[in-house]
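Please go over the structures that come below.
Two complexes follow with subunit A in common, the first pairing it with subunit B and the second with subunit C.
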Partner chain A sequence: MAHQAHAYHMVDPSPWPLTGAIAALLMTSGLAIWFHFHSTVLMTLGLILLLLTMYQWWRDIIREGTFQGHHTPPVQKGLRYGMILFITSEVFFFLGFFWAFYHSSLAPTPELGGCWPPTGITPLDPFEVPLLNTAVLLASGVTVTWAHHSIMEGERKQAIQSLTLTILLGLYFTALQATEYYEAPFTIADGVYGSTFFVATGFHGLHVIIGSTFLAVCLLRQVQYHFTSEHHFGFEAAAWYWHFVDVVWLFLYVSIYWWGS
Partner chain B sequence: CHPPGMRKPVSRTMFRAALQLSVSGARSLTRSRPQYTASVAARSYSHGKQETDEEFDARWVTYFSKPDIDAWELRKGMNTLIGYDLVPEPKILDAALRACRRLNDLASAIRILEAVKDKSGPHKEIYPYVLQELQPTLNELGIPTPEELGIDKA
Partner chain C sequence: MPAAALVRGLVDQWLYCVSVFGRFASGIPTDDEQATGLEKIVLEASKRGTDPYSILKPQEYAGSKQDPHIVPSITNKRIVGCVCEEDNTAVVWFWLHQGEAQRCPSCGTYYKLVPHELPH
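For the complex of A and B:
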């Protein structure tokens, strides 16, 4: 039987890129169908296909790495580069929304009364729930670091506890933010203030949910003994992503909630 | 007509000193400050060269006098200027009003006048004085005051 004479991973053919592309097509065209013909069938189909694609693709990666040993050091290095580049692209994504916010708030137009916050807008008090949210995410940054050290030191029970706590804090943030959204005296339709506020914090909230999900998958894997003290890149990637989410919040808090009030 | 007790040129000290509004209760202290070394606007560092009032004014007149100033820069400049702890000198406001003219922004021109009145706070004599100084410019550019439009009352 032939063996590969290198340490890299030549991945087996997979249907998931195709199903992912089809999902993207169905979701986008489904969106247009929803707008024009009031039917959500196509879009929902696309969403389901997307979820199935993600589940099976990442399941396969776990099989290839954890069970089949394909994630050698050079392969892991590539995965690290990949995650860092992805997070970098997300940084630029948020940079755009911060640009929009500062463009609008540093030079408010006459329609807003030439002032920021605009006339008629009562911003949220930055020292109430938003400050609590800041504390929650900062604490979750501590607990995820605790989890990392626990994994590296082979402390199984502590790793599970701290990772669980991290996820709970993430869920707490999401719940708090959801109530803030519900109770806010302004909406996304309230001028450029509403637009910048809800688009920036909304995408951030989505990333918190994504990050919490990623961490939850890591928790399941940790419980099932996937991670070793030396090799646990999936967890590291999740932790990097989580720190990124925390940093974005800090910028949001200082810029939009605090300075912008 | 001059407000009672004031002669042209009105001492800049009076305005600058009277308008260090941030230090409430220390007004007598600020009134006695010598004319050109008053701490100015943007920053009060503990060291480093301190910008004089004239330099401050000149900088802002230059800012608004840029021939191709764009609408964003005009609004940004006004917001920054109004954020300072002072009422801008008429010459700065004149340059800003002319920038509004170049940009066809009458709304902002009138808003500038409203901002002057607001920044004066309890010093009710400042706004009429500034309007008086700007009257030729207001006439030339055809800028009505909020009072003339009846929008000065809520």
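For the complex of A and C:
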């Protein structure tokens, strides 16, 4: 008997976990080198290696699943668990920053003037660009759901259109947020207000960029017929991630932008 | 330019999709059309009502002489672990051989090895 008697995927040996670990080492030590010796070479090398690792690892997964048929229902179930667990870990990541924000803002110290926003801070008006950003992300949640239903119903043109629209809305959010950052009257160095604002919204923005990239990869795959109307988990994972990014924004908006002003 | 390539690709694919899939303006393949490898084998087997890769829960049997637990095997013997009573922590392990049904040495329920065909 040469073949397996189970439906799981015993993966072939791969170098990408090793290159990923090396990239992590180079990026972390490179960060320390940058801080102490003003050279970004090591860190940049680490970043390039990370990007190469991600590209090749995920390319291999697409080959194994879409082109070789290794993603049977049990394997897909495992991938679903994996994505859910990953998103859960990201929820806890953001929970930390919300904890920090509420810790400092619920009981503002005398150094801040005993008030929130602290003395001297002019917060952004939550009903201007931040509200537009909220509308943009909520709309993108609608369009990504439209894309999902299009895929399930076999509507190729609509799937491509709605997925493209979702990505454009994500890019629009990023552009708006970038201009907000540029125009803001306060910086990350402006006490705990600046720290909590820019670290929380900054990590969120990074996740928007990651999510938009994930969706863009899905668009390329959709155009190239990778997805079937029943089996399109890569897209579902991207959509889950995108909804998560949207929800984090809603919490950021209500807590930091609105209540925090 | 990537945008031009995307547009050209889309036009090409649109023409291809109309010709091959024969569905105007839709054109997302189904698993029936596009599944390959083990995924395809599992799909076709489940359409026929078989489960060659033991994805589904095993069927329940009475475990009596007339209705022994059926144990599929790709060779002529398989290890059986009998949890005689629910929540027992001591599992009774034994080899089940081809031929007459064997009894668990602890609780006496019957197990019968049956050959299991793997698609190749």
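By our rule, the second predicted complex is superposed on the first by the 260 of 261 C-alpha atoms of A that agree within 3 Å, B and C clash if a C-alpha of one lies under 4 Å from a C-alpha of the other, contacts with A are read in each partner's own complex, and residues count from 1 in each chain.
By definition in this document, a residue touches a chain if its C-beta (ideal position, glycine included) is under 8 Å from a C-beta of that chain, and two chains touch if they have at least 3 such contacts.
Note that the coordinates shown come from a computational prediction; the quantities given were computed from them, not determined experimentally.
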item	value
Clash or fit (per the criteria above) of subunit B with subunit C on subunit A	fit
Contacts of A:E180 with subunit B and subunit C, given as first, second, both or neither	neither
Touched partner set for A:D60, first subunit B, second subunit C, both or neither	neither
First (subunit B), second (subunit C), both or neither touched by A:E90	neither
Subunit A residues touched - subunit C or subunit B, whichever exceeds	C
Touching partner for A:P110 - first (subunit B), second (subunit C), both, neither	first
Lowest inter-chain C-alpha distance for subunit C and subunit B in the superposed arrangement, angstrom	49
Contacts on subunit A seen with subunit B and repeated with subunit C across the two complexes	none
Residue ranges of subunit C in contact with subunit A within the complex	6, 9-10, 13-14, 17, 23, 25-31, 33-42, 53-55, 74-75, 116, 118, 120
Complex interface listing, subunit A residues touching subunit B	103, 106-110, 113-116
Subunit B to subunit A touching residues, read off their complex	71-76, 78-79, 105, 107-108, 111, 115
In the complex, subunit A residues that touch subunit C	1, 3, 5-7, 67-74, 151, 153-157, 159-160, 223-225, 227-231
